[in-house]
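Both complexes below contain chain A, partnered by chain B and then by chain C.
Entry: the complex of A and B
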């Protein structure tokens, strides 16, 4: 194993990790505040990627430009989903529990609905953007760096930074954190808890939509594409720490680098074992994840 | 009152009996099950096979149905395997017990077909395998399982024959190869034969690599391949991974002097070619499971149009597979003259379709007759004692400027076709 190869694999792992992180941040935010594991996260990603893809397909809008449309659109989509689907379950189970299990099943079902609607309307074909921007590369010393993948890595830092700033330095951010820490106490202080839930869910959805739109140039879109990335997101979130936004970034980067480097020593099917091994070790040694604030 | 109840019972029972007999004597419909991946990773191919089968059934039913069954119509019942083994087994169970189909086709993926045929065998329901190539599917001593397609070993042998032919023609022979495959039954089965046959012919394997489905990035694998410096790379990839891999190997300028050899699946899917730049697949070799010269055949335009109307793109190998097998089913039903599973099983075993013995299923387009069961480009369907059609074969093509040109077998090679061998480096393309 030469040092060059190891270095190349690390750089590639960083890019892959950026992808995992950017997808997972939204999931982490929603879990941290609403305590709901959003099983439809992969479905949201798939829908956002389709939205961006169709804008390119029909109107030749650059996927990076489509962010201006897709992100607000998915903020409202998330807002409405929380307000119309999840809120009633919270209201119904208010007296019984803090984290309604029903929402888990509801979102798993909603994911199936989204995937099958996409299958019905968009067909099962794999689609991808074919344009020079998709394959642009920068030649480094030993490797070719794919520009769109690099943009996603940068974006994962921007999303993390942006959300951290929002949480710490704005009034709405303080309200969101208050609700996340103690729902009843926040309500007593005059915070409209359900509205905060709507906004948080919208923010989480917008974050994954942003990642999705930026993935369109180099990835493919397909109705069933959400599942594998959704599963990876859960691993990233638990690894990094449930509810922690910088934790999701860290978890994503670690997972990407481990996958990339171990794949240099063993076959990629066996390399998966190592990422799960790390996952188990973290769960044993530090059940709340690397930067977690909530016990798993 | 009690007497009334009994009379009612007897009456309704006898009605049931009459209806049941009616069904048997006057079969107006033959139920054919088809287990396919209609969602999940292999959904494009599943949909293509489904479309081919539907086109064939529409034709058969419009042209008088199954004559030996008094013009009975074929009714297709689909089961969605969701591209998963357990999904396929569950749907097979449903088709065998609840839907009571006479025959099942499917299920495209080897990993799904392998366990699903086991379920069908248990219910003594005949199964004609659609596409799934894993050799062992027909090597378990099963009585009800048949396959009119290639085995994985056939695919690999065809690729070796092509390499040997190209080496003989040009005097330039590759020495080493690398192998990368998807980690389920199809990839593993193909890999098993690559590892067996290539070294026998003197090629040295420098790298073996597999991956789990759902992979998001191929650069770690490409780095490995680059470091191993093989003369050629043999891959077995489904569509999504083939899209990612083809693009990334172009970006990383992975240079393979004797080419990228794809065993099929992803590289036979028309949606794959829409999703990648032409440059990414330039000079790629593909083991194609059908007659790439089909557009010159007289029946092609009508079938191509029917496909376009349903799918938005033209005829390809998997649509042709679905179509051809359905006509094999028609031939079987005409001879079985029954919807009984065992009689159908015996009729399948006795199949022998050649262009000369195609009378029962022959069709005419623009005044020219053709044998619809053989549209895939094969010349005969006859099963050996294991249920395998030993006359199945494919073609080896090379992509040149977005067009697939067949180079093996030599008879299929179009006049003036020029093989690119070895392949120029990236900066000279």
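Entry: the complex of A and C
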């Protein structure tokens, strides 16, 4: 393997990693604060991509412009999902820590509902937009860089930076962190924990919707695309450290690069094995991940 | 066990013995299922019942792990291991699947040990995520491997066709559906009985303690990893035997169906909707889900693809939100209430009223 090939594979991996990271950040945020695994994360991504796709299909709205509509829409969608589906489970337990497996199963059911609703209404066709943007490339010396993919990579840094800023420099961010650190103490300080949960879930959903809308120009939309990407997101957040937002970015980039480089040696479908293997190794060697804040 | 423990156990079993109606219901259903093939000859109808028993069997095996408070979303991998082991041994060396089944079960038990040992020491959802990862690794590997290590012909995504031998009971092949019907029915009864026995014995109490409060159980001296592992290994062995049945019944096994995430979720769905962590829950779940899913797929699958999974998902959400112990709970409760009415067993309140009046 020549150095040039390795370099180009790394760049491709970086682009792929940006995609994984931008999808996984929302999941990591939700896990870090609410401590539930959102199994429907892939389903949310699929829905956001469909929303962006249909906006383009019917109204010729550029996917990047559709962000203005899709992101707030999905913030409220996430807010409502947490408020109507997950909150009752916390209330039932009469404690702020709910059995995580119950919510995981609830969201797995929700994922099945979403994916199969999409299948019922949109059929299993692969859909993609036709736009000059989709095939725009920047020519570097050794590699052709696909612009929409590059935008997603940049976006993954923007989402990370934006959320980190929100968490550190705004009142609501500080409240969210307080709830994530110690719910009881936060509640005693007068923070409405359920409202913070709703907002956090909304933010996580909005983040994945943002990634989804930006993926539409180069990624096929299909009802069954959610679960594989959702599972990939679990790997990313465990690799980076459950609950850490910069960890999710790092985990995504590492995963993308590893998959891209191993794909040089084996078929790209087999290369996915290595990401799962990496996941299991990290779990055994360092269960809290690279930048984890939560002890396993 | 010291004396007080024995007394508690005795009381527990006495309470069980008073529940006569439950026993009658089980015997009633067992007899119905036993005589169905004598009256019904329609192969499709029998096929649906085979599916009901098959998923009830897998769900019961699966629920052994959830009894230890762990959620497995990768049981399809064990199903695939069982099916592939027996089928490959039959194809390559002509070893009867009856024997291959045992090798598949042993292999699967070993795999369960390897997955369970490191993950059971972690808390939270790590076990569920690891099982997904493991099943996906296995599926992708088999899907992309034409010839595996030691020149094993895995045939990649094509899957394995079990060589047809006609009506040959010695190699687990039968000309009629009735034979498969009785085999899977016996397997289901065996799994339920095993689960029932485990629940009545010391291990069942240990598992219940671990799933409700692991730290508390450990403080009382229960080796939680050990009992979780035992539950996991038994579950893996049972699931692998189910895999051999799957391969022999459909005479075909492929990685996408037998090892895919879809199958894992279907097994878990049957268990959770019926009542995970209960003995009869998975059977109740399968009795509800398998026929409805199969009929929807057969009659509406063309125009409304995905409808049955949509309904499964909705049911799962409803059950988790409103019946955390699954459909098993209300059914058993209703039966018990009926049982008490029939026995004219005066409840404590009524006794008090009678006493106060006299």
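Simple rule for what comes next: the second predicted complex is superposed on the first by the 286 of 296 C-alpha atoms of A that agree within 3 Å, B and C clash if a C-alpha of one lies under 4 Å from a C-alpha of the other, contacts with A are read in each partner's own complex, and residues count from 1 in each chain.
We take it that contacts are C-beta pairs under 8 Å (C-beta built on N, C-alpha and C of every residue); 3 or more make two chains touch, one makes a residue touch a chain.
The shown structure was predicted, so the numbers you read here are calculated from the model rather than taken from an experiment.
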{"item": "When chain B and chain C are modelled together on chain A, clash or fit", "value": "clash"}
{"item": "Which of chain B and chain C A:227 touches, first, second, both or neither", "value": "both"}
{"item": "Partner chain in contact with A:289 - chain B first, chain C second, else both or neither", "value": "neither"}
{"item": "Which superposed partner A:12 touches (first chain B, second chain C, both, neither)", "value": "first"}
{"item": "Contacts of A:243 with chain B and chain C, given as first, second, both or neither", "value": "neither"}
{"item": "Partner chain(s) touched by A:108 [first = chain B, second = chain C, both, neither]", "value": "second"}
{"item": "Touching partner for A:89 - first (chain B), second (chain C), both, neither", "value": "second"}
{"item": "Which of chain B and chain C A:42 touches, first, second, both or neither", "value": "neither"}
{"item": "First (chain B), second (chain C), both or neither touched by A:135", "value": "first"}
{"item": "Partner chain in contact with A:219 - chain B first, chain C second, else both or neither", "value": "first"}
{"item": "Location of chain C clashes with chain B - one stretch out of 41-49, 95-103, 131-139 or 239-247", "value": "41-49"}
{"item": "Residues of chain A at both interfaces, chain B in one complex, chain C in the other", "value": "115-116, 119, 123-124, 223, 227, 231, 267, 269, 272"}
{"item": "Chain A-facing residues of chain C, complex", "value": "69, 71, 73, 118-119, 122-126, 128-130, 132-134, 136-137, 140-141, 143-144, 261, 265, 268, 272, 304-307, 309-310, 312-317, 320-321, 324"}
{"item": "Chain B contact footprint on chain A (complex, rising order)", "value": "2, 5, 8-9, 12-13, 15-16, 19-20, 115-116, 119, 123-128, 130, 134-135, 137, 143-144, 146, 149, 218-220, 222-225, 227-229, 231-232, 259-261, 263-264, 267-269, 271-272"}
{"item": "Residues of chain A defined as touching chain C within the complex", "value": "37, 85, 88-89, 92, 100-102, 104-106, 108-113, 115-117, 119-120, 123-124, 223, 227, 231, 234-235, 238, 242, 266-267, 269-270, 272-273, 276-277, 279-280, 283-284, 287, 296"}
{"item": "For the chain B and chain A complex, residues of the former touching the latter", "value": "38-41, 43-44, 46-47, 83, 183, 208-217, 219-221, 223-224, 227, 239-240, 243-244, 247-248, 250-253, 269, 271-272, 274-277, 280, 312"}
